[in-house]
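Shared chain: chain A. Partners: chain B in the first complex, chain C in the second.
Up next, the complex of A and B:
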């Protein structure tokens, strides 16, 4: 066999072609009694149906969490989850947090130093002394 | 407290806490059955609102509010066939996925009575079914979210999506699992991938073509796609679980898999044990050049990869059946062709310089000659030589290496790759030239094949 092949798997590039929203599920936890859930309860009653209608890709779960602060929890395709405590927040602030969780990729936060990240190799070849400005003694 | 004794420290990031005490054991033993937590009644849950969330705490508000009454049974002949069946098998009480649902409008008087009768027949408890009943698909938030997440066309009914998620290991009944859809999808995926590869890279050697095919639509690739689509799987399949989960019977950890004997190579004179050459692989083996294996029993446990692969294939088949060729091609282009695969990294040459000489002889080029283009640090610890391979006055390839030989071999490899990876500028795929709005057919380049050494 003069020529054989190396097995590989094609890598997905989310957003090139199809885009898959990385947030799978949002859990909204509230408490009926505690004052810190006042904004959350109003959010669930007034704003959540519209939020869910705008984001059909996300499974939304509402469940009580008695005697605890309200929490919004996002579950992501990479298996991680992010929880945000929304105690004493108003409806708008909770919507902001829910949107943040929706737009997150689920990855750990990391600093991005380079303006461009590419899967392609650099097109520059091997350095050669005969190219460019030559060193003069 | 004692949950701090283990590794699940509060700061460890593992939020799962498990504390069992004698008191708790006693409570479990004494309390006969627990009732679920009372849900708060939300404003949109009041009677008379358009959307009523299903029982439990799973809700998906937006997607399910679209009026479902517009769905019609995709297969109106099904009730008639059902009526004609001479005997009543237990599974025939289960309505087919493509024509199930409790909100269908009556087609006409006869069929509506048929439908209602059949709905009355459904008296089997869901726990007794091997997979969720198709009517449960309308109430699954996971399924609705998956439909929206993949931007599936609205013509693809959610019941079919649910059926595509049922692997035959969970439900051996071919009327309810995804096997038939997966066979269709597998053929479609093979067709679209191979025509894309063959038309765009007409000189690709067969072994690389097999590997590229497997890189796009092989088991590993499809299982990875299902994972990237956010498919979750059940712990144990059954009629009562959420139909939005991948239903399959999972292989126990450490259990043997893949020990099925090959079905027989299918070649003549098999007993002589002849070598499986590339040409016979094209004729007798599967689309990846691998031997066909015997299929396991339908209800045998399988690994996740196999079940996830069958889902992706079945979804492709379902898209084709419900939405037609154009949509299927768009679906394929957006989910498969958008993936990146570096074909130039899939070649492994054993004798590249010999290959190149043979290629030049076959094509009538002058014999290749390697010439040093530049070098640096010959006497140092890190010399770099840049060598070009020339055929007459044409440079075929260029490579850099730490020794003259390495650079020469690299240059030959580069020359071969640039030959094999030739890509015509203007390509018409055969499947584009058929259908309702065909593009004008322009014949593609057909190469005589790789060089034989």
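Up next, the complex of A and C:
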């Protein structure tokens, strides 16, 4: 039976045709008493309504966490979650952290060494000693 | 760095060597009896002995610090050593002990004669004197403490009735007592009402009354501070609510229009009478008007009946007018205005806006609910309380399953079935 190459079937990729945001929920925790929540409280009052309107696909919850530092938690569709402590941060800094969590994939952070990373298979395929021309020594 | 502990210092060693021969040289052969006969006071700190040894008192310094057992032998030994050091008996320097009471190097003076007389006394007498001295000190100390802490000096009288006794136990008493303990001045309550007026209509009426009174006094040329001298004295001026207040032509002042011309003179007379009585009586001690009474007095008319058009722009930038208006307003409403607020306020409209402004919300949830911007967004959920793990389970419908499993095993105690 002659060998035949595996037929390439189009694979779905996020962003090709459709893009699904990996972050599904963002939790904003604050404290009414602690001074480290001053920026967070201002963010929730002034900046969060606009952020929520800009990202309607993300569920946003706001709840107190008494006598603790303020935290932003992101929940992702791969089941993982990421939390960022935003104590003593200003409104702008907290907005940056919320955007970072929104754009994250939910995967663990990996070191990227190469400038380009491709998700496509090599055109030449993987070399095999049992296929192709037979060399005799 | 190595340190020598204090008890091992040479001065203490000398001290201990000094004490030992004293006890042995007593008349009685029994050691215990000797110890009792000396009758040292209770445990005294060694530092007190050291102080006595280096005291300027000649009486306490008369014994030599070191006393050899055999003086003759010790002197012979010292002479031989000195001869070896200096190369012969003739060349010895410093043979005389300058600290010895019989030393020729001592300066002859007042202390010497006294020392000579005392040196003739027997050793036992000296010991007894020292012990008596300590005993006297102790007796003096105990006597002074008795004087100081004696509970009964003949001044205590047992109370038969509770009249005249300090009354304790109320909340106000506890607060006043704590203030005294902290060294604070206790301000008598009464200048401001204990509760604030929050009804906007009553606040408006109070402002109207303050403005009418102050500008009437200004028109007559009397002291503006009379308005807040005693709140109760103006209670009977009910007609003041029918007075119309509006801005003057230049806008810097207010025009007060009385429906009856006699009303103006009534106000002035009432305040003049108050000014006379205020010289003999503490006028700011206790207002007779409470917030409830004030609001009932002030709410008899509507806003349109009290003010003329443009009243909000009436200026109170004159410091005397501003101070009088603010003080009277605080007295009527119970709102305390801070100095920066008073400084920033220049018109009546600003003043009214300040006292009618709702208080700042204490919790963020209250602020969010009051604002309403966040609740208008559909993908936002706000919780007023901490979201617990149980809440999360309940949200996804897992709490029922957990409770069922626990109940099956008999582990869910106290929960409704």
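Operating definition for what follows: the second predicted complex is superposed on the first by the 104 of 137 C-alpha atoms of A that agree within 3 Å, B and C clash if a C-alpha of one lies under 4 Å from a C-alpha of the other, contacts with A are read in each partner's own complex, and residues count from 1 in each chain.
The definition used in the following text is that a contact is a pair of C-beta atoms (placed from the backbone, for glycine too) under 8 Å apart; a residue touches a chain by one contact, two chains touch by 3 or more.
As the structure is a prediction and not an experimental result, all values here were calculated from the model.
K.L.:
Which partner does A:32 contact after superposing on A: first (chain B), second (chain C), both, neither?
P.N.:
both
K.L.:
One more residue to check, A:43. First (chain B), second (chain C), both or neither?
P.N.:
neither
K.L.:
Considering only touches as defined above, state whether A:24 meets chain B (first), chain C (second), both or neither.
P.N.:
Touch status of A:24: first partner only.
K.L.:
For A:5, is the partner it touches chain B (first), chain C (second), both, or none of the two (neither)?
P.N.:
first
K.L.:
Once the two complexes are aligned on chain A, which partner has more residues of chain A within touching range, chain B or chain C?
P.N.:
B
K.L.:
In the superposed arrangement, what residues of chain A touch both chain B and chain C?
P.N.:
30, 32, 41, 44-45, 48-49, 52-53, 55-64
K.L.:
Applying the document's contact rule, which stretches of chain C touch chain A when the two form their complex?
P.N.:
My answer: residues 362-365, 367-368, 371, 373-374, 376-387.
K.L.:
Going by the contact rule set out above, which residues of chain B touch chain A in the complex?
P.N.:
37-40, 42-44, 57-63, 65, 141-142, 144-145, 148-151, 205, 207-208, 210-212, 214-216, 218, 220-221, 224-225, 227-230, 333-342, 345-351, 354-355, 374, 376, 384, 386, 400, 450, 453
K.L.:
Could you pull out which chain A residues touch chain C in their complex?
P.N.:
For this pair, the touching residues of chain A are 30, 32, 41, 44-45, 48-49, 52-53, 55-66.
K.L.:
Please output the residues of chain A touching chain B within their complex, sorted ascending.
P.N.:
That would be residues 1-14, 16-18, 20-21, 24-25, 30, 32, 41, 44-46, 48-49, 52-64, 77, 119, 125-130 of chain A.
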